[in-house]
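Quick heads-up: structures coming right below.
The same chain A turns up in both complexes below, where it pairs with chain B and then with chain C.
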Partner chain A sequence: MSTEKDYQISPVVQESIVHNSRTLFNFQSLTASLFGVCAGILGLESYTGFLFYIISTLLTCILFYALRIAPSSIASGKAPFDTSRYFRGAFEFWTSGLSGGLAGFILTWTLFYGLVRA
Partner chain B sequence: MAQIPVQTIHRDPQLFYWILAPITVVMVLTGILRHYATVMMATAPKKMDQKTMREQRSLMHGINLRNNYHVLSKRSFNVRRDALTAAFESGAYLKNPDQRGQAPPNPLSDPSAMDGMMGMMKNQMAMIIPNTLIMSWINAFFSGYVIMKLPFPLTIKFKSMLQAGVATRDMDPRWMSSISWYFLCIFGLQSVFNFILGSDNAASQMAAQMNQMGAQGTPQMFGPGVDPDKQFQAEAENLAVIEHYSVLDDVETRLLEGIRA
Partner chain C sequence: MTWISKTTTFFGLVLLAHACYSAQEHSALQSFRTTSAVNPSSPGTTAVSLPLDISLETLVATAIICFGLALGTPPLRPIQWRVWAGKIEREGEEGFMNADGEVSRDYVGNPFKMLETRPGFVDIRRQKKDFAEWVRSSGEKQEAQI
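Up next, the complex of A and B:
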């Protein structure tokens, strides 16, 4: 009950949250496709390819946080790596890119692997 | 254990120009076409007469009051609740007050209900027709070729799906035929459409199917076959059980604590 009351005292606008999540999703699906191109040109196979995807997606998340969120978030008194100023859940922020961009990653990975190597 | 030698297949590089590129280009263009077809076929919302509008808006008023009661002071909340509950229970906002208590009309016979179904039908057709056409086009022209190798291994179960039309028993399931490139395009082109058309596009059928699933999960509020009188009664009951508090309760203590810190 107290958390609900906290939300009501300092409300979060739903439209802004949706806009933020959509921006993040666009960014991540675009970078996922580009990482697929990288993985294909490097000729990564099976586990190394997926590992490359996971690491690079996390890296983009960290960069996104550091460049876009951290300056105003830390200035407003939030702890480091706290995204609650702009996003609903922290877990969602750090992991949504993994599932959202996977299909695009596999598509471009296969395409460029097929063009360059096989 | 003997190492299984890596299979290599020498393929004509022309396969890329005559199979891979056409399928990809056609898939992208179909997505763009589907987006614009959906935009063009979208019907403007129908104009409602005053009574219907009043019925729906007063119900929305009740719901909004229930969701946002914490910004009102106790007195103004009570006044609003009393007025709305009295009106809801007496049926003052109903479209036809003389039809109270009767069964709702059959949704199939209601002409206004047909619009929603037509819209759904149109969307379905916009997905089914291009899919069938492209599938049969690929099957007619490009079946039987091995065009690419997946960069990750798969189990033998995928063989029948990926190598449809290539009847070679011992081939590694990593080799894929043109139809499986088509499936990869269906799943993976969403990001390309995001890039070309903006993020709320109607190009990808995967997204469209997701939307439909979500829409089926939530019941239609003002749809046909829903008795508005029952909705009003339920809303009056919901309003009656609210235990009111305001966000301005104890605001002075919170302010003082914020200043002191």
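Up next, the complex of A and C:
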């Protein structure tokens, strides 16, 4: 009940949420495919490749935060690593790339592994 | 801003293509060596890891492309209504440009506009006075011309 009251008091803009999450999703699918190319060229196999994917996705999140969120968010008085100005859930922001880009990652990973080590 | 992002991404892609080609050549050379080796003491493909410079080039190229792509993403919009409306009020269309410098399609305009065009709050007497002055001044102008 309290959350509904909160939304009544400080409403959110649906279009902005859609726009922000679409921007993040596009960026993360592109970079996930890119990491697949990188992992394929490096010749990573099994767990190493997935570890590489997890670490690089987190680094991408931090890069996105530093370039797109941090300047205006910190200027408006939010704490560092607080994404509530642009995204509803912090967990959603930091982990959405892991599931969204995995298919693209595996696709380009296997493709480039096969191309390089033919 | 957009040309910085595009050149950075392009430069990274060139680096990545070069690294990919180098890695492919390296593995082709390794397989050629193992098949043409005279001594049969080491049969099978001995896994030779990639040279350090190719690995470094791949990683650096990936980082550069990521940076370029992140620079090219359109700016985010505040999700809280009051912050969002305040941004429109302050910056107008400037705050809602996409990367190519055009106003994005789902820009809805100032949400406070309906407050400023309420017909009940129109100062009708002042408008009437302005109109009367305009009529008088244009009439004087015409007389002066005649």
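A few remarks follow.
Just so we're on the same page, the second predicted complex is superposed on the first by the 114 of 118 C-alpha atoms of A that agree within 3 Å, B and C clash if a C-alpha of one lies under 4 Å from a C-alpha of the other, contacts with A are read in each partner's own complex, and residues count from 1 in each chain.
Note that in this section a residue touches a chain if its C-beta (ideal position, glycine included) is under 8 Å from a C-beta of that chain, and two chains touch if they have at least 3 such contacts.
These numbers were taken from a predicted model, which means no experiment stands behind them.
In this superposed model built on chain A, chain B and chain C occupy separate space and fit side by side. In the superposition on chain A, no contact is made by A:79 with either chain B or chain C.
Of the two partner chains placed by the overlay, chain B and chain C both lie in contact with A:115.
Of the two partner chains placed by the overlay, chain B and chain C both lie in contact with A:30. If you stand at the C-alpha centre of chain A, chain B and chain C are 90 degrees apart, rounded to the nearest 10. Think of it this way: put the two complexes on top of each other by chain A, and the tightest Cα contact between chain B and chain C is 8 Å. Overlaid on A, the two complexes show chain B and chain C touching the same residues of chain A, namely 26, 30, 115, 117-118. Chain contact summary for the complex, chain B toward chain A: residues 16, 20, 24, 70-71, 147-153, 184-185, 187-192, 194-195, 199-200, 245, 247, 254. Contact residues on chain A toward chain C in their complex (touch as defined above): 10-13, 15-17, 19-20, 23, 26-27, 30-31, 34-35, 37-38, 41-43, 56, 60, 63-64, 67-69, 76, 85-88, 112, 115-118.
The part of chain A that touches chain B in the complex is made up of residues 5, 8-9, 22, 25-26, 29-30, 32-33, 39-40, 44-46, 49-50, 101, 103-111, 113-115, 117-118. Chain C meets chain A in the complex at residues 16, 19-20, 23-24, 27, 49-50, 54-55, 58-59, 61-62, 65-67, 69-71, 73-84, 106, 108.
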